[in-house]
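Input: one structure, supplied below.
Chain naming follows the written order as A, B, C and D, and within any one chain the residues start at number 1.
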Amino acid sequence: MNATTTQPVLAVSGIRKSFFGVEVLKGIDFDVRPGEVHGLVGENGAGKSTLMKIIAGVQPADEGTVAYRGEEVRHAHPRQAMDAGIVTVFQEFTLLPERTVAQNVYLGREPRRAGFVDRKAMIGRTADLLSDLGVSFIDPQARVGSLTVAEQQIVEIVKALSFDAQVISMDEPTAALSDREVELLYAIIRRLTSRGVAVIYVSHRLKEIFDLCDRITILKDGALVSTDETADLTTDELVRRMVGRSIQSYFPDAVEGTTVGEPRLELENCGNAYVDGVSLTLRAGEIVGIAGLQGSGRTELVEGVFGIQAFTRGAMRIDGSPTNITSARSAVRAGLALVSEDRKAQGLALGQSVLDNALLVVRSVFPGRTAASRREVPGVLSSLEISSRGVDQEARFLSGGNQQKVVLAKWLLTQPQIVLFDEPTRGIDVGAKYAVYQLMRELAAQGKAVLMVSSELPEIIGMSDRIVVMHDGELVAELPAGSAEHEILGAATGAGGAR
Amino acid sequence: MNALRALVSPRGAVFLLLVVLLVAVTVLNPSFAEPGQLMRFIQRVAPIAIVAIGQYFVIIAGEFDLSQGSLITAQVIIAGNLVGQDDSRTVPVLLLMIVVGVAVGLVNGLITTLLKVPSFIVTLGMMLALLGGVMWWTGGAATGNPADSFREIGRGGIRDVPFLDFIPWAVFILIAWLALGIWITKLPLGKSLIAVGDNAVAVDYAGARRAWVTTRAFVISSLSASLSAVLLVGYAGVHPSVGRGYEFVAITAVVLGGVVLGGGRGWIVGAAAGAFALEALFMLLNIAGVPSTLRDAVQGVIIIAAVAYSAVAFRARRRRPREPVATPEPATTPEPAMTSTIHTEKIRGD
Amino acid sequence: MKRFRIDSTIIVLGILILSLIVGAILVGTVGRNFLSPGNIRDVLTGMSVLGLVAIGQTLVVLGASLDLSVTYVISLASLLGATIMNGNPANIPAAVAITLLVCAGIGLANGLIVTVLKVNGFIATLGTGLILQGILNTNFEGSAGAVPWEFQLIGATGVGPVPVSTIIMIALAVLVWFLLNRTRTGAHLYAVGGDPEIARLSGVRTRPPLIAAHVLCSVFAGLAGLLLASRLGVGSPTVGQQGGYALLSIAAVVLGGTLLMGGRGSIWGTVGGVAILAVVDSVMSVMQVNPFLKDVVRGVVIVAAVAVYSRRAIVRRRPRFGAGGTRTGGDDAAKAAEGEMAAAASQLADTTPVPEGGRA
Amino acid sequence: TTDPSVAPAESDSPEESAETTEWFDQELFDKQNEERGVEPQGPADQPYLQHINAEMVDTAEFASEGAEKACFANASISNPWRQTGWITMNEQLKSLQADGAISEMETRDAQDSDDTQIADIDYFISEGECDVFLISPNSTAAMTPAVERACETGKPVIVFDRGVNTDCYVSFIHPIGGFAWGIDTAEFLIDNLEEGDKVVALRILPGVDVLEHRWAAAEKLFDEAGIEAVDYFTGADPAEIKSIISDELAKGDVQGIWMDAGDGAVAAIEAFEDAGADYPVMTGEDEMSFLRKWKDTGLTGLAPVYSNFQWRTPLLAAQMVFAGTEVPKEWVLPQKPITEGELDQYLEANDGMPDGHYAKFGGEDLPGYPTVWQERQIP
């Protein structure tokens, strides 16, 4: 691609931004050219999303300028940026669950005829956009709330595509997508760039960055580290610049002396409205990975175990004795912990302090232990390397990775025996990821049982002692550690073979 | 200096308003500054402050309690009709009032949490049903004021105290109730309530019995209304209009106190201070001789202005750099991190 | 393909039919006919005023706000209308126009306080309500003005047993239905009520729809006030409070299936909610229920009716197993589409870089 | 179709129904002032059958045999005065049913709403099969057209308590009125106070004519006598009353209390006790709570009366109408305040009644006396 020669379509310079007197962007210069995919990487809290929001007109910069097609612009409302042709797929979904797909896609610019919303046109155009992508299983008239997360992510992307954009920013668009859909996204992005659209791409999945991007900009602690042609960077170098040091391995080895012991959790033919016929044994000191496609029911499986959608069939044993888990409360009492998939919706009370969030479970289930746990909080937090301005900081103002660590702290304080991780590293940076992996290893070493759901196959392969594959609500395969990607995928697609 | 800064902060807005109002009252009527008058003022605010404290717990959990006023009326009439002139009934009737208060709170809370009916509607229904029910039972009017021993709680106090002259029991009761309230906010229950108001799903995933947590807030609210009724029986006497509109006064007080409707944010002392500010406002209007017809209008303007001030000030503060005391965000660990395991050094920037 | 979901409007209709049947039986036991013209007129008349207020309230509630000031707007409107008309039919157009303009102004103030000053709708409208009450008390002592006979006809005539006022109310409900479902303002109101931040990120200007909702709510309250003036023949400073319209209209809106948190609801649900309240009231009046007991019944009916569907209203995901599940009930489209998606992906990837069309 | 019963009302000339915002009405003031001094006609022991300056109308056209059905459109029973009256009315009904004069009474209660009451009257007209309409209007002007529609049915219409702006009724029953109340109370306070003394007026709510007339008369007289009077609206809430008096006492001395209804009188007196101030000269109402407190404290007081026994009269009037005997067109009932000298007598007569009961309820000879009132059994 000859992007290098063209003039930038969007250029920001000297952008500064502070929250509560703390500078989170320290004078960023950055530009994108037509037809280019520009990767933006950095640790959690590096300021990527903040930069995107400034470009999108969501938040004003304190200082610095944004130039669009050669002219300085000051977008005070996302609307203005959109009208100009700058469209953003935000890190958080911007869909209304109570509205239909079509209403969401065209929200804010509903097609009109004679002054009234032209519903037929709206539905028709949405259907066209969807079928253009081969996505025939999403009804433009379905309520978004009835779609799965993956389907919602697709709608989110379709919403961005419905614009005639010159610049599309995507803030972790693949966080909720499985490989198949990621490939679709690749194709979409390539078509966009072939039309001369500039794409800004934020992801913690470095493979995607290298697959897709023409240039890569690295942020660290709100400052610009470098902008390079992709060809000039190696993964190791990128990571070194991101975290300020080099990394020997992405996945820590098992802690020495970890032994697999007695079964801690046994499921026998468990099922509810969402999963069925689940038989699974989890042993002390073991990390079991659950792989599967989006919507295969992995989350529902762990939620079943944890009593949120309690199993209505089958038997469950913990440490050999039959246990009936009917609610999250009984699960916690039985020694379970669930690091849930969506930390904002299910994990944190965002307006409360880090301390209060860390104590959330203890207070709810073991109120008598609150005082003792409070004393442990600083230790646990620092062991997780949370970088925040102290325990009184509101959780809302933490970056995604640090929020995830608060969620971990909340569960560690209950001293669980069986820990269920659902997408534990979703949206967190390499450094934080490593800390989470390390934590899992530690837990295993302490004789606890760990169950991990993940959509990232390398993670499944790198961490699991055993791999269980789900498909359409059922366990379809159990594979040994170190199985190859194609084996897992084969089972996950239900085809029984590699793609 | 620091105190001043605290006053103009959004959290302190209510205290600023209170100070301004009390100064205005004192200027217009210097005798208000006498300690005895102040005690009487607190006695007068106590019933409102107590319902506001109860309402606080419901509001931080993201709910409403519109049944407080009717419950007060019902309890006042229960006291009037059942105690009568018989001193010996004081204690049993007090116990009955507690039972009624708990029952109303439980019904409100359980319908809200188990049947998932919005609390606005549940407590609106309770408001209609309670008032209608008690009026139906008594034929609209209580037999009369209860025995003086019962009324002493809200009307009496320690007399001939040096300097202060008179300390109403209501002052002690208010202090005790507020202290109890503050204590509850520090308990797991209080923290859970505020977390429920912030993110109910997260509280569910944390294994809390959310229904029971929220229900207890309604029980606290109903008990507060009942306590307020005990004070009002003494202070004002038995009448079907005692307590009317208290739910709105309480909600207004709580919001004036900086508590956010919808839950998750707010300070109980602010809520109580909101009640003081509101009553000081009424008093100012009385003392300033504002024409009776204009009272409501002045009150409306001040409420909107006060709430708008803290809303706008809060937004402004979010943007403004924090006070210099704030520690800067520590840089992400430069080393050694990656290879080491979990370490336990003390957290920085604490 | 379209997923079936029991619409709350249907449940409201069900409850309404149930209350009609029970009501008719009860009325029958005291030897009266529920469907007699006089009774139908009584029920429909009971619906008209509250219906108008509740239609406006629906808009505000959809936008996740509230309007507690409607009671005072109603009183003010009845007074303004009646005093400006002052018995002279020629003044009717001016009176209606001025009254509705003033109400729109109040709504605008409410809307601005809520959106610009960021005061919660509950407190904001409680405050404006107090201000209006002060204005009413200062400027009006008791009922005032005179409504000419021509204007009284609106409140007193009917097509058969159906009062003109009910027809007007229903016609306006149709208009609001149109507004909500066929205009951008309506769509944006749902969005702002659903989640203002998402609406903003989607490029919606969040203030105008909510301001419009508040303006319309006050205008509808004004219409209710004018209708009351037409029925009373005079304006009255307490006519709004007499009906307890603020809380009752909110109850009717929620009874009609609109979420109090905003973002979901329908105007027909509200009309149904108003009808339920009117039927219950009418039955109790015919039965000569003790007025205190009436309030008890109202309270219980409101809570019970909302309880019928509130548990259902919570968004749930589709089950996979069991009755209606995707595994057992079909909906294999997603699976079938997997191949399609792959095909589309490769097709997209192969597309030669032909710039398609410019910016529209 | 236009409802045939809605015709342009003749009496509906704008000047007449457009009430001015000034409540004081010299003509009415003079009329009521005069009526205060008139010795009422009729049986001395049945004040509810007495009348003042009555102009009788012939009712022969309504004369009929057998028991007839009454339809009662009530404004509300939302305050103790109306509740007491409503109990009395029901007892009166029982006795008339026993006499075979009235077969049944169908009642619709408008719960203080004009709009509801209009609908109630319309319902009675079309569905009620009523032989007589009894109407206690919620408000004067608003109820006028509906009352006229009732008159057009040709059945007798009896209005009581608050009035209407039409005279199509057979009889309009009411005590002398608000101006008389205002004159009685103001004169009493003026007699017992000095010029320059301060009176706090505790009023329930604005905009209700019966109440406004009381204040309009009193305010005028206070003004003329050089008494300083400040007024407050209390909503009858004793807590509010107590706060108001406390603030007034903090500002300076208060020598008199004037009330437009007895509700909350006790709270006002207690506010003086709590502040350690001398009892004021005070006017309340014949509500038992005030009479008892008055007796306990021995303050200088007067209990004006808005004769509660008027709730008996409409049914009795209906009986008379069906019998074809003449009734007063405007039936002005006596309205005599209870003075200090009569206090003990009324306290004794109403021993055992609840605080919200009215001394001059006039039902001593009715079947349920006294339990029904003591237990306040509301149908």
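The rule is short, and it goes like this: a residue touches a chain if its C-beta (ideal position, glycine included) is under 8 Å from a C-beta of that chain, and two chains touch if they have at least 3 such contacts.
All values derive from a computational prediction rather than experimental measurement.
Colleague: So which has more C-beta pairs touching, A-C or B-D?
Modeller: Spelling it out, more C-beta pairs touch across A-C than across the other pair.
Colleague: Please report how many Å separate the Cα centroid of subunit C from that of subunit D, as a whole number.
Modeller: Roughly 39 Å, centre to centre.
Colleague: With chain centres taken as the means of their Cα atoms, state the distance from subunit A to subunit D in Å.
Modeller: 73
Colleague: Where does subunit B touch two or more other chains at once, residue-wise?
Modeller: 136, 140, 292-293, 295
Colleague: Could you pull out the residues of subunit C that touch at least 2 other chains?
Modeller: 137, 290, 292, 294, in rising order.
Colleague: By the touch rule stated above, which residues of subunit A touch at least two different other chains?
Modeller: In subunit A, no residue touches two or more other chains.
Colleague: Show me, using the given definition of touch, all chain pairs that touch one another.
Modeller: Touching chain pairs, listed by label, are A-B, A-C, B-C, B-D, C-D.
Colleague: Which part of subunit B faces subunit D closely enough to touch in the complex?
Modeller: 29, 31-32, 37, 40, 44, 47, 136, 138-145, 155, 232, 235-242, 244, 279, 282-283, 286-287, 289, 292-293, 295
Colleague: Which residues, counting only subunit D, touch subunit C once they are in their complex?
Modeller: Those residues of subunit D that touch subunit C are 1-3, 6, 8-9, 12-14, 17-23, 76-78, 106-109, 111-116, 118-120, 122-123, 125-127, 138-142, 144-145, 205-209, 212, 233, 378-379.
Colleague: Which residues of subunit C touch subunit D in the complex?
Modeller: 32, 36-39, 41-42, 45-46, 49, 83, 86-88, 137, 139-146, 149, 152-153, 156-160, 228, 231-234, 236-239, 242-243, 285, 288, 290-292, 294
Colleague: Taking the complex as given, what residues does subunit A use to touch subunit B?
Modeller: Within the complex, subunit A touches subunit B at residues 18-22, 43, 45, 221, 243-245, 247-248, 255, 308, 327-329, 331-333, 338, 340, 345-352, 356, 359-361, 363-365, 367, 370, 378-379, 381-391, 410, 431, 434-435, 438-439, 441-442.
Colleague: Okay, in this complex, where on subunit D does subunit B touch?
Modeller: Contact set of subunit D toward subunit B: 77-80, 83, 87, 203, 206, 230-233, 235-239, 241-244, 246-248, 250-251, 263-264, 266-267, 270, 274, 288-289, 292, 354-357, 375-378.
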